[in-house]
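Only one structure is covered here, and it is reproduced in the block below.
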Amino acid sequence: MDNFNHDSGRYERLGFPEIIFGQSKTVEDISHILQQFFKQEKNALITKLQHEKAKLFIEQYPNAFYDEVSELFILNRLKETNHNDQVAILSAGTSDIGIVNEAYYTLAFLNIGARRITDVGVAGVHRLTEKLEILKRFKVLIVVAGFEGLLPTVVGGLLPQPVIAVPASVGYGVAKGGKAALNSMLASCANGITVVNIDNGYGAAMAAVRILNTFKAL
Amino acid sequence: MDNFNHDSGRYERLGFPEIIFGQSKTVEDISHILQQFFKQEKNALITKLQHEKAKLFIEQYPNAFYDEVSELFILNRLKETNHNDQVAILSAGTSDIGIVNEAYYTLAFLNIGARRITDVGVAGVHRLTEKLEILKRFKVLIVVAGFEGLLPTVVGGLLPQPVIAVPASVGYGVAKGGKAALNSMLASCANGITVVNIDNGYGAAMAAVRILNTFKAL
Amino acid sequence: MDNFNHDSGRYERLGFPEIIFGQSKTVEDISHILQQFFKQEKNALITKLQHEKAKLFIEQYPNAFYDEVSELFILNRLKETNHNDQVAILSAGTSDIGIVNEAYYTLAFLNIGARRITDVGVAGVHRLTEKLEILKRFKVLIVVAGFEGLLPTVVGGLLPQPVIAVPASVGYGVAKGGKAALNSMLASCANGITVVNIDNGYGAAMAAVRILNTFKAL
Amino acid sequence: MDNFNHDSGRYERLGFPEIIFGQSKTVEDISHILQQFFKQEKNALITKLQHEKAKLFIEQYPNAFYDEVSELFILNRLKETNHNDQVAILSAGTSDIGIVNEAYYTLAFLNIGARRITDVGVAGVHRLTEKLEILKRFKVLIVVAGFEGLLPTVVGGLLPQPVIAVPASVGYGVAKGGKAALNSMLASCANGITVVNIDNGYGAAMAAVRILNTFKAL
Amino acid sequence: MDNFNHDSGRYERLGFPEIIFGQSKTVEDISHILQQFFKQEKNALITKLQHEKAKLFIEQYPNAFYDEVSELFILNRLKETNHNDQVAILSAGTSDIGIVNEAYYTLAFLNIGARRITDVGVAGVHRLTEKLEILKRFKVLIVVAGFEGLLPTVVGGLLPQPVIAVPASVGYGVAKGGKAALNSMLASCANGITVVNIDNGYGAAMAAVRILNTFKAL
Amino acid sequence: MDNFNHDSGRYERLGFPEIIFGQSKTVEDISHILQQFFKQEKNALITKLQHEKAKLFIEQYPNAFYDEVSELFILNRLKETNHNDQVAILSAGTSDIGIVNEAYYTLAFLNIGARRITDVGVAGVHRLTEKLEILKRFKVLIVVAGFEGLLPTVVGGLLPQPVIAVPASVGYGVAKGGKAALNSMLASCANGITVVNIDNGYGAAMAAVRILNTFKAL
Amino acid sequence: MDNFNHDSGRYERLGFPEIIFGQSKTVEDISHILQQFFKQEKNALITKLQHEKAKLFIEQYPNAFYDEVSELFILNRLKETNHNDQVAILSAGTSDIGIVNEAYYTLAFLNIGARRITDVGVAGVHRLTEKLEILKRFKVLIVVAGFEGLLPTVVGGLLPQPVIAVPASVGYGVAKGGKAALNSMLASCANGITVVNIDNGYGAAMAAVRILNTFKAL
Amino acid sequence: MDNFNHDSGRYERLGFPEIIFGQSKTVEDISHILQQFFKQEKNALITKLQHEKAKLFIEQYPNAFYDEVSELFILNRLKETNHNDQVAILSAGTSDIGIVNEAYYTLAFLNIGARRITDVGVAGVHRLTEKLEILKRFKVLIVVAGFEGLLPTVVGGLLPQPVIAVPASVGYGVAKGGKAALNSMLASCANGITVVNIDNGYGAAMAAVRILNTFKAL
């Protein structure tokens, strides 16, 4: 039984490497995968890697990076870069910071500049409107929101760029698990907003990468 | 089998009369009920009375009023009144006008002044903010919204009055039937918004009546 | 990355301060927020703050108050007040006491008198009817119920005041999570009842505040 | 292909004959079944038989009985009987009369006396309490309710007999289709209430038959 | 705040005492309730009392009984009785034994003889059919089933007594939480089966008590 | 825009031709497709083709076959064949005959002998057990059931062959739409039953074809 | 009551004009809106305008265009343009053509070249792979799919561009209404796919517009 | 109370022995069952036996086998066999390995050769197509997939054998719990795929056994 069959042509085909989903893999599987990447002197990104598993690999690979809030693991710590910010990642409050960070570090891993703006909730809409000029400079807007998931709709009504909405599982009662935010975003009356799975900061980052890569090639 | 047992003490107990739900009643039942009210020279309000049923009663009672959009029937046409507006009924677009009207005519039936403001959708938030001064004058705000149902959240973040949110069944896909709007309103991060059943313009009006009656009595 | 952008104009706009949702915030975020409030000599309210997090802050701020049942944290302990009760908070049994307390202490934090009445379940409806005279004195009724969520309907059929229904996640089987109670309240045949999110004692209190503030201003 | 294989031993096994569900059967199938019963000089009961189908069979069998509201068809019209009422069928309003009738005529078909009491909604609980003495005389209580479905809970808290709750699909928004009423009844805090499928007046009648038959035999 | 208002008239009204739901009550509340019962020399039944809470009270009341599988607590241990069995409690396998026991001990607490038969699953239907003669002797059949929940349908097709179906939350995938079993029982094509909430062995017992009490009185 | 790109290699790849889903196609599209098949002198099968559409094509192709109950259309009427029955298609009652026929005629189209047995409901389990010897002769059992969907579980407990369960959308209340039957079949405690989509008689037939083709090749 | 408050600044703010949702608007409202656009000599796009409503306006505005399959209405017929295709709109079969057309004509209305490719279902994956070279030339891929909704996942695994997935409500059983396709797309293991509401071809087009506009400006 | 009534005739009836579901059984029950099998010198298979329970029995029966990933327990360790592989068990990634193993060891227990192929995810479809020749040799294909559950559809479009699809509960957001994968498989446009319950590797194995046994007998 051979468990890991590296999709080596993915970079050529899609412009980004294969990335590992950590949540449901065993320690043995992840250990095996990391060794393959390490031997080939490639960097690796693992998403949703639980704390107890991450601990083992941080000890084993002293150069690794792990963000506790987003449970994101990178085999070789990233270098500080100075390139221009292309993506803004917005959220309503500090509760969604895990998802914001998953998007942020995924972009960093792929060498794309991004900025996190995490205090623009709509219950006080002026906190968003006073930042409009700054926001107009980004090429793609990733907007994270839990509870009723309003923020992407308001952003989409004020700004012309691509808006990738990420519902967060933050909330309780009908908001628990993120379905209320998800449906709110899908049903949004703001035109042309697109949506990814609940808590999928990683997927939002990859959608931004698809947009940026396509136009970089022109 | 005696089908209609009028709750005659309701006005004394609650400050408003019994009102009739028309949707699932047979023509015979409604006919019987209207005769009782007519004989006692009382006015009657029937909600969600389908067009085909309403036709029969409009012919029979030439003084009756029927609003096609909201399917609301009133036995004795209301007089124009000049009293001050106490309740504002807001909606995002003209699609929700049936629910707006159900609330509006229920309040009119109970002799409470209301105003309909049906063009304040959040996809262009300025359409709302430029009306803030007018809106501050009302004692209760009823806010109707379909699709993602975000209008009550934005209103609740800008204005201090009681906000009664009414989800509308307007929409398609995940918005169909009004559950997305309902959950969005219940999960709202705006403080102190309350919600009634989907399409329940009547219930929102009655909630406003409870508030106004309680404070009128002081 | 600046995580907390205090909505300083909220009091002026809405008549109540910003309140903090503790459940999904990290210890670091909450610690940072509390320091801001402490420095400005303002009181702060945190809702749904888990026990393990609360412990740390109780030690740090000896003047703080924490109610274990509702997981509600207040930075500066409240003083006993003698003002008249304006809000009654009813529940069917002692199982809902966490939500009752969340509403109660939120009102206390905002200096509004409230009374808790937690033994008026409808399975023995006389326990409610014998308290009707007392209940008529309150301006707003908050009614908490889990399982089938019947209590607000019965209260709304007997009393004329605003009724804010709070579904509780208490129960098992179809009642687990509070959806049965929520839908029962939304579908209620009692006129003019409004509903907030499951377990949202805090939101019910804020809805009461909106009502009371609006009429205090007259 | 032989479509109808009469379960001839059912009466001996269970104490009641096989009954036909009309809704999804073709006209041809029902026609074939009725001929079998007619030839054997047996009476037959068909539930949920749509109007357009029923018309054909009423013409064909002049002795047949059809109740439009419940869509229930009986091959040989029932005789008026004078036996004592054993089952009370309660409902909150006239909207549920279709289900009430389905239970009533099923019992009549099986020669069991029943009484319909259709005006005891809980929004004015006195309408129920003033009938308690009469209700104590029945051996089984069938309680039908749509919307929030609370009537069985109130009945079960006041009366000691078996209570069979029938959720009705009457209502709109979250009440549409009857799930809110169903869950409310299942989650009821009143002890020992049992529930049948939404709109299943027939099933409630059969549950009463099981109870009455078992004790008749003693 | 007075938390426990004993419904002292319940026995006179309904023929059985008030019973305590332990799951969501605090240790303090339960402790207070048990003291009331203990002082009045009454026996008390608590359902769904978690192990960690139960431990405390078993130590405090050496005469108490606690069944770990059903989490049912009785203040004063029951005496062995010799009265005839009136209720049979059937289940498909040993996985449902917690619910079977909840029904069994509730009946025992109310002094009603019952028998547990826990090996009659439908995947090998002969295990049921060979017990038919024994089963015909009981007055009420409580039938517990998880997974697809089909046992009550098969029992109801073979036996004429009242059948009270109890869906169990046993199972995984679509069966997890018991909704598949619940809906299967409600939709049953066997006539006259009634259903209680998922895992509600207690409610099934009380439904049996209502039946037995009504006919004992004749 | 070229709408129909015939998957001409399907027969070689999978052993059966491409089949057309009629429900959501326009008359123009179907007309275009049928012409292609007709010109190539191939037979064609269209599933779930509504009556009003079918009428047009029956007139146009006098040799066509249309089964009204299953809404299945075949371009060239099938010849009576004498080959042995390999598949039994069971159902509980005549209500499911549409799905039974969809499976039956799909198999006939692919030249596979099948037999329909539509009176083996489990409410009287003897109707099934007395047919066991006959049923043992078939290689594959397709079992259709609506409502609670019990039949496949009972069949799977008595017979060793492959059992393909088809949930039917027949029923009302919780059974409406077929989800209750679907979940009951998926959760079945009978070993090794497999399930297809609700009302998918066609898919069940194709699953049988896969089994038969694989072993025919040996 | 003023029903239509044109958001005149939308073009300046977002780069595209306001578009009208026709489904839930009355004939009067739409008539009023079209007059406003007609007088201002602007073109107007109405989505999901039912046939019976559209007929009236086609007669009134002889220059209008209406696509029956997508129910899309354009006030002034579009001119044939020769500009390069920028967006490819893919679907698995002809059943989804309504949604494909909604996206196509929305793009045409906004003067963006698009091509429809409607025969690339995944059940025969070669139909997709043989078109890969053509597909690589487009800047944005809109992918429509009903039933299990897998086409966007396969496309996203083979091509590097932005993929906007549109679930279609085509299908029956668990696929009815489009939720299965929606969830399949949201859960997709292909990286960086984004999703819009069920049947929202219009929204997908607008998302493409946001991407194209942002990069045109560079 | 006798808890375990071995269905001793199952092997004769169905061709496979009774197997034990471990998840919801108590340690006492399982211990009792294992003793029965041990005394009769029969092998026993327990599925979904949690780690803490399994530990006890591994110590007690030194010859036992336990697979941690699938939580599957076998009383007597299996012998290595050399018989031909008849079943292929495919999965997209290593996250589903628990379910793959449950199917694999169940088949091994019943002495059927199987092979695990766990790296054929569709996001890079070539990983599947390059294995087609190998896959054509197996008689039955079990295909496990979580997230959007695409793999069985692609396999079913490329290969002619029976395909038994197993949805995995692997995933988060809308994929959590496996419902998205389940519905995707049921709605699959690939012909003749059948589905078992979420995470039911055991059931898929048994479905394969039914197929193989039926044709072995010929």
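Letters A, B, C, D, E, F, G and H name the chains as they come in the text, with residue numbers starting at 1 for each one.
The rule is short, and it goes like this: contacts are C-beta pairs under 8 Å (C-beta built on N, C-alpha and C of every residue); 3 or more make two chains touch, one makes a residue touch a chain.
All of these numbers come straight from a predicted model, not from anything done at the bench.
**Student:** Going by the stated contact rule, which chains contact chain D and chain E alike?
**Tutor:** Expected: C, F.
**Student:** Do the two copies chain F and chain G share over half of their interface residue numbers, or under half; same or different?
**Tutor:** Different-residue interface.
**Student:** Rounded to the nearest 5 degrees, what is the angle of the rotation relating the C-alpha atoms of chain E to those of chain G?
**Tutor:** 180
**Student:** Just going by residue numbers, which of D-E, F-H or B-G has an interface where over half the contact pairs are the same as at A-C?
**Tutor:** Comparing each option in D-E, F-H or B-G with A-C, the repeat is B-G.
**Student:** Distance-wise, how many Å sit between the C-alpha centres of chain B and chain H, to the nearest whole number?
**Tutor:** Chain centres of chain B and chain H, defined by C-alpha means, are spaced 56 Å apart.
**Student:** Starting from the mean Cα coordinates of chain E and chain F, work out the distance between those two points in Å.
**Tutor:** 43
**Student:** Approximately how many whole Å separate the CA-defined centres of chain D and chain G?
**Tutor:** 49
**Student:** So the centre of each chain is just the mean of its C-alpha atoms; given that, what is the distance between chain A and chain G in Å?
**Tutor:** Roughly 27 Å, centre to centre.
**Student:** Quick check: what residues of chain E touch more than one other chain, meaning two or more?
**Tutor:** Residue numbers touching two or more other chains: 13, 121, 123-124, 157-158, 171, 173-175, 179, 182, 186-187, 191, 197-198.
**Student:** How do the chains pair up in terms of touching? List each pair.
**Tutor:** Touching chain pairs, listed by label, are A-B, A-C, A-G, A-H, B-C, B-D, B-G, C-D, C-E, D-E, D-F, E-F, E-H, F-G, F-H, G-H.
**Student:** Where on chain F is chain H touching in the complex?
**Tutor:** Chain F residues touching chain H: 13-16, 19, 139-140, 157-164, 182, 186-187, 191-198, 203, 205-211, 213-215, 218.
**Student:** For the complex, give me every residue of chain B touching chain D.
**Tutor:** Where chain B meets chain D, its residues are 1-5, 7, 9-10, 13, 21, 23-26, 29, 48, 167, 169, 177-179, 182, 197-200.
**Student:** Would you tell me which residues of chain E are touching chain H in their complex?
**Tutor:** 69, 93-97, 116, 118-121, 123-124, 126-127, 146, 170-176
**Student:** Considering the complex alone, what residue numbers of chain A touch chain B?
**Tutor:** 92, 121-125, 147-150, 153-154, 156-158, 171, 173-175, 179-191
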